[in-house]
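Structures are listed in the sections that come next.
Below are two complexes that have subunit A in common, paired first with subunit B and then with subunit C.
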Partner chain A sequence: MLRGLKAIIGWTEDRSGMIGVVTPIITHRVPRNAKWWYVFGSATLMFFCIQLVSGTLLATLYAPSAADAYQSLVYIDTQVPMGWMLRAIHGWSSNAMVLMVVVHMLQVFLHGAFKFPRELTWMVGVLLLFCTLALAFTGQIMRWDQDAYWGLGIGASIVDRVPVLGNQLRNIMLGGPYIGGATLSRFFALHVFVLPGLTIALVGLHLWLILRNGVSEMPKVGEPVVPATYRRDFEARTERTGVPFFPDAAQRDMVFCGLALIVVVGLAALYGPFGPNGNPDPTVIDANPRPDGAFLWIFAALALLPAQVETFLLLAAPPVIVLLLLAIPLISPRGERAPTRRPVSVLAMLLVCTALAALTWLGVTSPWSPVMDAWTSVPTPVRLVERLTPLQMQGALVMQYQQCRNCHAIDGTGGMRGPDLGDVGSRLSWDQLVRQVQQGGGNMPAYGKTLSAAETVAVVAFLQACRTDGQPPAFIPGALERAASGDLPPVAAPVAAPPAAP
Partner chain B sequence: MRLVVSVVPVAIGWGMMLAGCDRIPLEQPAATDAVASWDGLYMTQCAGCHGADGVRGPARPLADPAYLATVSREDLIRVIARGQGTFMPAMGTVAGGTLADAEIERLVDGMRKVWGKEGAALATPWAGAPGSAQAGGAVYASFCQSCHGAPDGRSAGSAGSVTDANYLRLVSDQALRSAVLFGRRDLGGACNGPYDGQPRDRRLSAQDVADVVAFLASRRPESGRSTR
Partner chain C sequence: MNDGCQGCGCGGAGASPPGGETRRGALFKLGAGLMAVGGAVASVPIFGALVAPGFRRYGNSWLDIGGVADYPAGETRLAKFSIPGASPNDGETATAAAWVRSMDGGKFQVFAVNCAHLGCPVKWFQQSRLFMCPCHGGVYYEDGSRASGPPPRGLFEYEWKVENGRLLIDAGRLPGLQETA
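Right after this comes the complex of A and B.
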């Protein structure tokens, strides 16, 4: 029996040579002092594998169409045996993966492990960080609930700000001017095909580079990296004092991964799956959804940035951040690795960490400027009500009912997320108002699909009436103005309905 | 030199963070759960649309003694809990809102007691089936046109059009009926009389009311009401 097995293995090995390739890999020598610090990378990999398995299972149950997505999640949660657990593990393990990537990066940065000859390993790692974040973002879209809608709305409005190309990019991202069925299909393809494929390839490259260059030792004060001699010294040292990766170092990885796994499964069992939150109808916009944990800081930064620099920073910051991260090993490829000898790097890292932590915390706790009950509690100013036509009055009701007031003050009362609309009628023309309401932009969700044609006409008629006394309505000379002036005494303007949303 | 170059940006970063600390909004808005009195409920749940103090909001005034005396308690509770399929939302937990049955009852009783005091019920009931649109056209011409303008838009009235197609698509027949029965007195809207060029005590009969509502409803476009 045993001999038969041996024969089969021997036969396969003779033809494939697999064992010959793999054995040196898993028993390669790693520095002896590579202790618990080094477990985070393995944990990330483990969580990625969990994502692959649980994600594949989910893909067999999930219906990636706008009409059915939400229902299929409810179905998985309630009808499929242990389906909720599957979703919970996929969700929690995704968060754990993001966390582990970040901790792993911090450790590598802190110990200067990105220096010669491991620069490329770091760069691939940076790409993996963004792949992981992209997976988390697109995964949140799969829930196809209000949070997903919100994430997309913000994303689209950021893309929208790109000069000249903004509109096209938005159409590419959403599969049309609005968030709809095409959007979900697009993000589904990204989430289950493109990004996992890319990630697997990059993980392979990352591992290959690690094997080629070895695992770095714990940094020692007074042992700077000198590229000319580093390779030789490193190899000699590991040859002398190193231990085989398997079983010595792998043991620690396994213990840590096991513990991490227990924690994640425990959290999943205790707190269950994420969402789906809120109405399945993506045309219902709730002004208070929050993005998933990893993106809360962006949400907070968006809310805190002063409006004047928002666009600039939103467009300039991402490329700068990516390039900076990629360039770190090029900026400092040699020299001391010990944190105590790199005070500036360590301080900068602490700065980034505290900033991210503070922003995330703010994202969790702050009400921001939306006032959540403004739609039922903050009245339309009487000075306006007194001169509105019945149609404009319905427009004021749209503002309440659709919770625009949670973000928009009128004459100083209401939410402060968007501009005060008390005099918007003298700033924006009819067509500009229609555009803003239907397409949103600049952190305002698009209402094109949410509002009927009559509601759009009513709300725009109301917005046009939002002026201080004596101010004429905004008017673009030469442009076709569809609404007559609403000066006192109010005259019901013959307003043509704007083209209905497709 | 190198040290200075690298320390300065980091120092600036930390400085900016410390300086920004006091500008970060941390306060949570006061919790509204504690509100229990009927006027507290009104202020947080209804004032946005029906106006502070129950008048002069975009939706019809509720602080109207005649109105509160005419509508039955049950109808009020039903409308508040279930909404009207228009911008009047379903506020009751039964229909996905946030107000418990007991809260709605407390609100209705408070409104009726404080705002409904001394109100005399109208002879014409609050609700009723629409009448004849054709007869309603005549009622409109003699009682409403002076303020709301001609239905064909040829003459505009000071109170704005109520025959506008978009307007009509957004309101329920009940809202039209309530407007005719009780007017918008908070905005000087004497839709229920006295009327220009008519005897001062001339009031619309129940039939007139049903007819003019049918007339307005008949002016809604084919596509019908844009319901929620």
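Right after this comes the complex of A and C.
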């Protein structure tokens, strides 16, 4: 039996020579100190392999047609045995892949591992980062739900802003003048053929470059990279003190990958698949589209960019970011690798990470979005209602009925687009409140045409009552006299006799 | 893998007969030329289908969105319509919607539901007479003009006309900053 097996292996090896090729690759010597820091690249690759397998299986169940895609996902989730778990693993593993690719990149940057002779490895890695993000984005489109539909709408609107050719490019992207079947087919081809193929090719190149230039050592203070001597010294050192990649270094990758896989499968089992969230029906205007986690920071940036520079930044930032990332090893190909000797780089990295984290958090909470149903679902706090006069009570109703709460919280409940009004009565005087309600400003629409004079008085009376206990209403000395002399707009007339504070 | 160079056309492998050098050079050029011509011809249909939507002029067409009586004066209502010339596998995405504002004297304003910022679906609130966008908080007044938030302009408007008591709008394309409505 064993002899037979050996004979088969021997025959195959004689004809193919594969073992002879592979053995030196997997046992190539790597630096001894390549420890836990180095596991993230392997984990990325593992998740990519899981995506290939689970994605191929999903392709056997998914109907890539705009008319059927949504229903086929519902079918996979509810009718196909373990189908929901297959979708869940594909979704969670895609998030894990994005996370790992980012962590891997941060580690490489932190340790200056992109310097000579590994510049090209970094550049290919940057391309792989964008392939991964493109796979994540196109994958979200595959769900063909409201998020996918309106997400495409946002993408189309951005492309449409390209000067001169924008409209043509947009139609090429959508496969026509609107989002429809042709659009899904295009993104399906990207998601299952073009991008995976490209990624596989680039992963091959990335691995080849790692083999050619070796795994970098942990950086040591006072051991700068000197291109003239680096290769010779590195080879001598790994020859002397290195260990074979398999099994010595690979065991850590295996432990980490195993754990990461268990976590992802656990999350998939616990939380299930992502979406699909609502039929992709463009006439359902109650949609509240949100992008997946990896793109929340872009969603936040789109809400926060000042309008004057928005188009310019939207179009200029992506190529600048790509070029900058690609150029990092060319900007700094030699010198110290230790983080303690590269304070500017490390600070820049921390800054970028903080900005991305903050934007992502803002994207999660999206304080700029009106809460569309707050006006019917969020009550006026009892502590205020308890002490309102009839006029103020009327104002509270106007406030609720006019959808003010969609953008304004009171005591922390309601929209967050505008300021919380729980204490506005002690911040703005009667006059200021009237003006703000009538004329708007500072991102608030003007209600002058919508509200009658009586409604305005009522709502301002209510707003003035919005104070914490014991706080007097805000008051501008002299305002009463001015009002009495008649140089205020008509609706402000009741100012002469502001309702008594509760 | 070895370093053989069969088929690479470099003519380098020493053993070529006298005269082979030049013949191979000419053959190589011929091959490269034929490949280039063949490739160019083949790529027209291959990539043509991909980029064709960028070269076509898509027009709108007049679509019936209901009787005038369906839109009482003073109200703003959602109209749903099918996109003309939609393909059979568009499914639900072959439909679209517009906000119809009906004014006194038989006048209308028909707005695209797509926010002028980045295209999210704006929602109408009858009481405050505002359109609000769920994505980045764009807000518009009832006449479609920008009230606040990131949108660089007011809502996109469709052309409209009334024929035989029916309200028609000129629609079909996804509106955008360059492709107004």
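By definition in this document, the second predicted complex is superposed on the first by the 362 of 502 C-alpha atoms of A that agree within 3 Å, B and C clash if a C-alpha of one lies under 4 Å from a C-alpha of the other, contacts with A are read in each partner's own complex, and residues count from 1 in each chain.
Here is the rule we go by: contacts are C-beta pairs under 8 Å (C-beta built on N, C-alpha and C of every residue); 3 or more make two chains touch, one makes a residue touch a chain.
This one's a predicted model, so the numbers in the text were calculated from it and none came from an experiment.
Of the two partner chains, subunit C is the only one touched by A:Asp160; subunit B is not.
Residue contacts after overlaying the shared chain place A:Gly180 against subunit C, while subunit B stays out of touching range. Judged by the touch definition given at the top, the superposed model places A:Val344 against subunit B, while subunit C stays out of reach. Using the contact criterion defined above for the overlaid structures, shared-chain residue A:Tyr447 touches subunit C, although it does not reach subunit B. Within the superposed three-chain model, A:Thr380 lies in touch with subunit B and out of touch with subunit C [touch as defined at top]. More subunit A residues lie in contact with C than with the other chain of the pair subunit B and subunit C. Once the two complexes are laid over each other on the shared chain, residue contacts for A:Tyr401 go to subunit B and to subunit C alike. By the document's definition of touching, of the two partners only subunit B reaches A:Leu388; subunit C does not. When the shared chain is aligned, no partner comes close enough to touch A:Thr121: not subunit B, not subunit C. Annotation: subunit A residues 368-369, 372, 375, 401 touch subunit B in one complex and subunit C in the other.
Those residues of subunit A whose C-beta lies close enough to touch subunit B in the complex are 304, 344, 347-348, 351, 354-355, 358, 362, 365-369, 371-380, 382, 385-386, 388-394, 396-398, 400-401, 405, 452-455, 457-458, 489-492, 494-495, 497.
Interface residues of subunit C facing subunit A in the complex, by the touch rule stated above, are 50-51, 53-56, 58, 78, 80, 83, 86-97, 113-114, 117-123, 125, 127-130, 132-137, 139, 141, 147-152, 172-174, 176-179. Remark: subunit B residues 3, 6-7, 9-10, 13-14, 17, 24-29, 32, 43-49, 51-52, 56-59, 87, 89, 149, 153, 156, 158-162, 164-167, 169-171, 187, 226, 228 touch subunit A in the complex. On the subunit A side of its complex with subunit C, the touching residues are 65-70, 149-150, 153-154, 156-158, 160-161, 165-172, 174-183, 279-289, 299, 302-303, 305, 307, 310-311, 368-370, 372, 375, 401-404, 406-407, 417, 440, 443-447, 449-450.
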